[in-house]
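Have a look at these structures, which come just after this line.
Two complexes come next, and they have one chain in common, chain A, joined by chain B in the first and chain C in the second.
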Partner chain A sequence: MNGVFKTARKAGLISCHSCHLLCQSAKGSAQMRCPRCGDHLHDRKPNSIARTWALVLAAMIFYIPANVLPITIVISLGKAQSDTIMSGVIYFVQTGMWPIALVIFLASVFVPLLKLLILMFLLISVQRKSSWRQQDRTRLYRLTEIIGRWSMVDIFVVTILVALVHLGGLATIHAGPGAIFFGAVVVTTIFAAMSFDPRLIWDTEEVIHE
Partner chain B sequence: MDSYIACHDCDLIHRINPLPAKGAAVCIRCGAVLYKHKPNSLDRTLAFALGGLILFILANSFPFLGLKIGAQVRETTLITGIHELYIQGMQVIAILVLLTTVLVPATQMMCLFYILLPLKFGRVPKRLPWVLRFLQRIQPWGMMEVFMVGILVSVVKLAKMAKIIPGISLYSFLALIFVLAAMSVSLDSHLIWEKWEASR
Partner chain C sequence: MSNSKSDSPDLGVPQADIRTRKRRISIVWLVPLVALAIGGWLVYKALSEKGPTVTITFKSAEGLEAGKTKIKYKDVELGQVDSIVLSEDISHVIVKAEMVKGSKNYLSQNTRFWVVRARVAAGGVSGLSTLFSGAYIGLDPGKPGKTATHFEGLEVPPVVTTDLPGEHFVLRAASLGSLNVGAPVYFRRIEVGQVVGYQLDEDGQAVTVKVFVHDPHHTLVRKNTRFWNASGLDVAIGADGIRVDTESFVTLMIGGIAFDTPANMEPGEPAEANEVFDLHKNRESISEKTYAQKKKWLLHFDSGVRGLTAGAPVELQGIQMGQVLDVNLEFDVDKAAFSIPVLIEIEPDRVKTTGQLPEGAEGEKIMDYLVEKGMRAQLKTGSLITGQLLVAIDMHPEAPPAKINWEGRYPELPTVPTAMEELTASLTQLLNKFEKLPIEQIGGDLRDTVAGAKRLINSAELQDSVTALNQTLNQAQKFVAALNTSIEPELKTAVSNLNSALVQAQKLTKSLNSNVAPQLDRTLKALQEAARSIKILAAYLERNPEALIRGKGQSKRR
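And now, the complex of A and B:
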């Protein structure tokens, strides 16, 4: 490489998203397809920044009811008790089961928020054409891809509790409206991470070198 | 341009060089993994998919947890849990759980059988590109390993309330996670694309 970085875009090539074949970029034709696998070819993910912003903002909005509304409603001997995610965490801290409190807090509160903050930071830094620590920012992006799925833990816990705790008049557990918003947060953040194109982080490099 | 590859994270072009056994090539600029040497990819992936299918059937046929309060015992399978959510009016969540823990893993295994079995016998299945692309696209939505953590958290939550009885399929679930992970790790999609190209 002789210290000179050459990107596919600079060489007039497009890397296929699906099969990673390098294809000649045909300037002007809007609908290019990969000659090997037939997938649509895009130089960069289409409208990456606008799409990611839209999904991140949607997730931010969902995040509020997801944390404020109850995620489970326990009906025991005619009494109903609603629990939000945080009240569950607090309950476990108070009863001394802090490892489980930590797992729930990390997966359900911290990870979605961290993911949204990282994506916003990446979006802003790309829009400002920053060339600050590109390698670390790419790592941050990879992190958001990996951690997002773990937020689904709470949804699965609700599913299991609802199925198991079903003891007639004694006690039943219902899923609360918070669960729907929480699921929406997880799904929109996964789509947001997918729509962000990490190559945008590096595109500034070429402008500087040219 | 067959002998070159562009990094999917930073677009840098690299020449494709032969790798040592079990080696991996990483991007010199951003550190992303470009490609890996996967020995016996076809056979291994097929074996894991077959093992996964057996475990998957077991895991979904028997209850994975039971709860005992007094004389009452209630057991649950994954499907009954999803069904219960659906009845309670949480259809969206029920569908999300069904997709991530049942439909996506099952579809992944089916797609792999469809692709790999014919390739194993030297044939190329119809519409291979479409199936392989579909397989890659649904990959992020299979969340078996997250479900396992969900089981653990539920056990701890319920432990104070009642006696927990681990079901037979709990162990199948546990094994299934590792088999599914091994299955996606051993799949060499570059190899399949090359085979597809060679067949045309």
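And now, the complex of A and C:
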């Protein structure tokens, strides 16, 4: 709460997303268009909370099959072995390769879950119009944006393996159905993070101070 | 958006255009709906594909891995091993497996499971692919039956699975020989089947061998088909040299069975599945007739049966009728006597009956009648060199009357002593008689006689007599010479008279001979019997001297 700041919305101004033309916002809840390029104008991301919720929920749903279904199917000497993310982690733990296990666990299990939980926390706090530690919450949002792309590591590893290991009868690796769902989790969380408008965290202040 | 100011200052920026649009539910909600749909579908699929869970027990879990080992039928995956745990008494492992949906229909109590591993046997190599892919559990649905979820895994893969067309047959053999599971079954040297299993009878007396003959060859097995053990080499040395016979190289190593229907027989009805056949020792023995009907008889011999062994032939009129099954020794405490029960087996069908049996004439009655007529069992020497005995059943009309004892476990056929035994008995009798002769006394008398004679010969009187005789003879010679000339004619007549007298005397003797001799013979025999009875009396008296006083009482004491 560092005092009252002047925001574009307070000033009744809207910047166009496409051509960045600054225009006066119209009154009422009518649909606004950029007078120069004709694109939609919003003072906040439209329908942000609902969209984010939708995507977060979708990601949560995808998260289950992503972890239950096998992510890789290794066919080595005629013997098929399918591994889920957790079974891979357990395998590395059992073979004593703690660092690799940690990396996979963090990148593939922990981070996506963390992102989803952070987004849900932000959504709930915004909906409750909470003004609690707004700076920290904004920081959390930035964190989700930064780490989001790293959860794709797993998908990349699988993709590279599938592309490289094509040794015929000796060894072949197929991507399992879990990989698709995992990709879906990552993509939907990235979209969810994108559709969340961090300005909403600060909008509460305006209301309070008005 | 509700707090837009009504009097916004003019900053020289253009006013945003306004277009009205109806508020609709955001399309983004489709995303979680799709996610839900996919998730729901996955859950439904997982649930709908969930089949029955079965437990299989194995002796060892060698090669099995929880979560990896598959259950396959015709190389199609039907399930996967979920967990492997040891049984409570750690004697075996319990494998839990989840089957695919729909497999419930063919999981019956007849379903068999076994572990497919690489196996190297004399008959061949199997399961090589599992060297790389790892073991899997094979499944054979078996015949439909009661639904089951608990199975006992086989240690050895079954040779024949249910889907193989053909028939099973059961062979009975005295011993397994060199047969083994998987051993081939040949028909005219073509492999048409396999040995699928064998089992010792509960009493351990015989072996049951199960064979499987593939379609369409199973129709070659007729009711009168003979199976024989074609294992190994069959070497026969005959008049035409050495003959070596074998079905195939494989049978040399792992044994085998061959079958054929004898050429001299009409092919019978096709055999039914699981029909029981005898497994013959070799090809030769199939031409020996076999008889299904076997009857056991008991014989009791009192004398030694040295040389009589189980398997010795039982002959009737010199034709084999059966064999000796068992020779025992019994001691009767009451009679303080040994007896030897001999169990024999007779195949009555070996006798071809001609003519019509009268009504009501059953086997037992015929036997009773035959025994009444003198049918007896007797031990005979089969070979003088080896001393092997055989049992001969013959008619002995002179034998003392006896009856078949139908009381016991086996009917008992009366016996007569061995021919040798009879001979020995009569010889002994003869020797006894000789022994009874007063030979010493005779010798003494003879000696005395000889001594007297000797004295007589050596006496001076005799010497004198001899010289006197000599003179007399000389004189007689002279006299005869004189006489010769004078008496000869008279003598001639005298001789002829004498001749006729002699002829008459001869006649007399002849008539005497024919009339008196038999009478004399009888007298002698009577004398002999008298002597024997005196002997018996003497013996009896010796044992029971009191009989002299009390008489020969009917003593019941022993």
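The rule is short, and it goes like this: the second predicted complex is superposed on the first by the 186 of 210 C-alpha atoms of A that agree within 3 Å, B and C clash if a C-alpha of one lies under 4 Å from a C-alpha of the other, contacts with A are read in each partner's own complex, and residues count from 1 in each chain.
Just so we're on the same page, contacts are C-beta pairs under 8 Å (C-beta built on N, C-alpha and C of every residue); 3 or more make two chains touch, one makes a residue touch a chain.
Quick caveat, the model's predicted, so the values are computed rather than measured.
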Contacts for A:129 in the overlay, against chain B (first) and chain C (second): which applies, first, second, both or neither? neither
Taking the superposition as given, does A:64 touch the first partner, chain B, the second, chain C, both, or neither? second
Counting touched residues of chain A, say whether chain B or chain C comes out ahead. B
Is A:13 contacted by the first partner chain B, the second partner chain C, both or neither? both
Mind working out whether A:152 is in touch with chain B, chain C, both or neither, as first, second, both or neither? first
Of the two partner chains, chain B (first) and chain C (second), which one does A:41 touch, if any: first, second, both, or neither? second
Applying the touch criterion given at the start, work out whether A:198 contacts chain B, chain C, both or neither, answering first, second, both or neither. first
Which superposed partner A:25 touches (first chain B, second chain C, both, neither): second
In chain A, both chain B and chain C touch residues 9, 11, 13, 21-24, 36, 38
Within the complex, chain C is touched by chain A residues 9-14, 21-36, 38, 41, 43-44, 47, 50-51, 54-55, 57-59, 61-62, 64-65, 69, 77-79, 81, 181, 184, 188, 195, 206-207, 210
So, in the complex, the side of chain A touching chain B is made of residues 1, 5-9, 11, 13, 15, 17-24, 36-39, 95, 97, 100, 103-104, 107, 134-135, 138-139, 141-142, 145, 149-150, 152-167, 170, 174-175, 179-180, 183, 187, 190, 194, 198-199, 201-203
In the complex with chain A, residue positions of chain C that touch it: 1-6, 8-11, 13-21, 26, 28-29, 31-32, 34-36, 38-39, 42, 68, 129, 132-134
List of chain B residues in touch with chain A within their complex: 1-2, 4-6, 8-13, 28-32, 65-67, 69, 72, 74, 76, 80-82, 84-85, 88, 90, 92-94, 96-97, 100-101, 129-130, 132-133, 136, 140-141, 143, 146-147, 149-151, 153-154, 156-158, 160-161, 189-190, 193, 196-197
